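One chain, chain A, appears in both complexes that follow, with chain B as partner in the first and chain C in the second.
Moving on, here comes the complex of A and B:
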């Protein structure tokens, strides 16, 4: 147990570039699908159980020491949108840079050397958690929480939503976040013996479609 | 539920049905079907094909699956064979008597130079039903596949049952797509919300595998704001669409498929014009994500 490292890694102020991304919230706001706290909650709940679950299981598997290249290929197969694949790799490179400086060590250096193109962010998240002395549960919680924390924070800016309302959304999602992290860790342990096909592949059609629309659009506030 | 007793192989655990199709070149420029074995509710008919393509229609799908049923449909297209499979009617996922979900598995294999068009009618998730669908496609290098999947959540004006549909694609043994969509009352929360289906009642995908896409992947393309065509990280493309009704969904998928086939034809033309295209292909494969992203643009001309 290394609770302080977990707080550091899960902190939105950790310099890994996540603040420039809305997790699809900006596209959903533009399309009129997020208009208030209630629709933000529905958005976040759906994202948590799809992209969030997949990210959490990848992070947990990486924290358990699964082969990063295989996890990255599994992440590609679960991310049909090229815009989202690009975003995930860009965030992965930024996180790896921050992680190598924060928790210097041979493991993370090797990742940067072996995968110069970068890895999907959740795979790096798991590896960084491991380098920080954290376990698969910690990595899964970071990924699951981040999958809803990003959109909630972004929506405060996009809609001038009351920050208390946005935080209330995250609090109401806490039981689901617990369930997703638990499910992710179980799947990650299965994947160690049965291979990456055992990882969840939960998909969200509108996140995928809108990510392409968003990437093609000018005048964006957030990169994704 | 009187109909239950008339169904074959029905025990307390539900119907087990395993249907198989095998296609291979007949040696005269056409395609032979050495295996065409229906089973119980999965009946198969060879129907009139075109040119070198054999055609099979799945009939009788209306009778299930009910809860507890396990259907397995397998098709294998050998090197150089061409097969097209459709269905006579929509498939209804119906409630069963026990609490067991029904399972419907489809396994498709396409050999090098083989071509499979898999275009069944929609799957309708009826209120109270619980169905897990898993479609696995394995395509050899140089093989072709067009696979359409359309899911309709509930009959008219009816809430849906629970439906989970997983689609897995491997090309030359490499995993290119693995997606699992869950919806209905048994799915985790948020499936009907703005991140997943946004209240739409139909969702569909068309998966295209074509050797030309290895060197020239199609550009990402949008149709309106509810459908997109995207290149996968390999010789394949995926179209995803959501819509309020099955007719609109079919129209969106057809338009996007036409756009993808256009891109395929353009890639074939370019390959024919440039005998040294293999070199260009290697160059493009070095940075496909970067190039496709820069070219991303909405397909305004084909939008509604």
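Moving on, here comes the complex of A and C:
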């Protein structure tokens, strides 16, 4: 257990490509669904309990040592949007690159060799957490926090939202983030014995639909 | 000047100088500079000049995604599969300096797709005078400013002006129209950069990009030696 490594992995400055993605916030801003701190909070709460929960459980399962290929297939089944699947694998490759250089070792090298086209980002996140000496709770926290941290940062840039307000949103979501991480770890432990179908499959249809529209649109600031 | 910058042995960072099969990978040159200074026009001119003799590709880092890539495609300076646009999430300098993972992925994909390349030009999105490329991404960098942006820019300095491997002062043909003093710009640049080279160019003039192209050839010869 190496708690400082958690800070490093959860830091938004960790160079794994996240800065170019808004987690659906740009599409929501464009559609008028995020206009201020209150609507950002509602968006983030929804994302945390759907995409965030699924990502956290995948990350926790990977950190527990579940088979990455099976987890990747489970992530595909829980990601209807081809654009989001593509984004998830791209971010997975970028995170694996950063992880391999930061925490060198055979396990991550093997992942890159066996899955040259990449794995969904949460699966890589769990594997990188494991390589960094972290446990499933840490991996779940990273994924859950990232699911709301990315959109909040992006919204500061998109709406010129007061950065203190955006940070306040994340603070108010902290108890929910705790609950989501806990639930994700319980599901990940179940998946070790019962298979990946035990992982949550909470879905946010509007995130999936707007991701497709966003991917087809020119003049965007964020890749997704 | 550091003509030989060996990055061997850095493993997964992408900066390693050799491909997995042991051959030397493409030389990676970054082009940075303020908005509108002529980075994309310089890249296009370099492609036209060098494509008969070299196998090359371009990565653009746009602010609004594909503008620069689409300009290069319209100008047909390279086949479409040789041009990749990286999206930068409203922060172009982050993608070339603080978090280079998307750009590293783009250059590796270009080499995978096109076979071995000699040269990859990585153009940054228009940014400010402090934007520089990470040494983990490029082997050398060119900073492009222009006379219309103010002839005091070389004097003001900043990391791009003072540390880039080549400083290009572009659009010299506009100097009489904007009241820019070229001699002063050249002298200020020399004072800021000591031995590092400076090229004053007008892409509309007869010589065009020739001097920059010659510098690129020299870097490439050193890289491949």
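Rule of thumb we're sticking to: the second predicted complex is superposed on the first by the 224 of 224 C-alpha atoms of A that agree within 3 Å, B and C clash if a C-alpha of one lies under 4 Å from a C-alpha of the other, contacts with A are read in each partner's own complex, and residues count from 1 in each chain.
FYI, contacts are C-beta pairs under 8 Å (C-beta built on N, C-alpha and C of every residue); 3 or more make two chains touch, one makes a residue touch a chain.
Here the structure is a predicted model, which means the values were calculated and not measured.
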{"item": "Superposed model, chain A: greater residue contact from chain B or chain C", "value": "B"}
{"item": "First (chain B), second (chain C), both or neither touched by A:115", "value": "neither"}
{"item": "Chain B versus chain C as contact partner of A:13, first or second or both or neither", "value": "second"}
{"item": "Partner chain(s) touched by A:145 [first = chain B, second = chain C, both, neither]", "value": "neither"}
{"item": "Which of chain B and chain C A:208 touches, first, second, both or neither", "value": "first"}
{"item": "Chain B versus chain C as contact partner of A:103, first or second or both or neither", "value": "neither"}
{"item": "First (chain B), second (chain C), both or neither touched by A:218", "value": "second"}
{"item": "Residue ranges of chain B in contact with chain A within the complex", "value": "166, 168-169, 174-182, 187-198, 203, 220, 222, 225-228, 230-233, 238, 240-242, 288-290, 292-293, 296-298"}
{"item": "Contact footprint of chain A on chain C as seen in their complex", "value": "10-14, 63-66, 86-91, 94-95, 98-102, 104-105"}
{"item": "Touching residues on chain A, where the partner in the complex is chain C", "value": "13, 15-22, 90, 93-95, 97-98, 100-101, 104, 109, 112, 154, 157-158, 218-223"}
{"item": "In the complex with chain B, residue positions of chain A that touch it", "value": "24, 28, 31, 33-34, 39, 42-51, 53, 73-74, 76-78, 80-83, 85-86, 89, 176, 196-197, 200-210, 212-213, 215-216"}
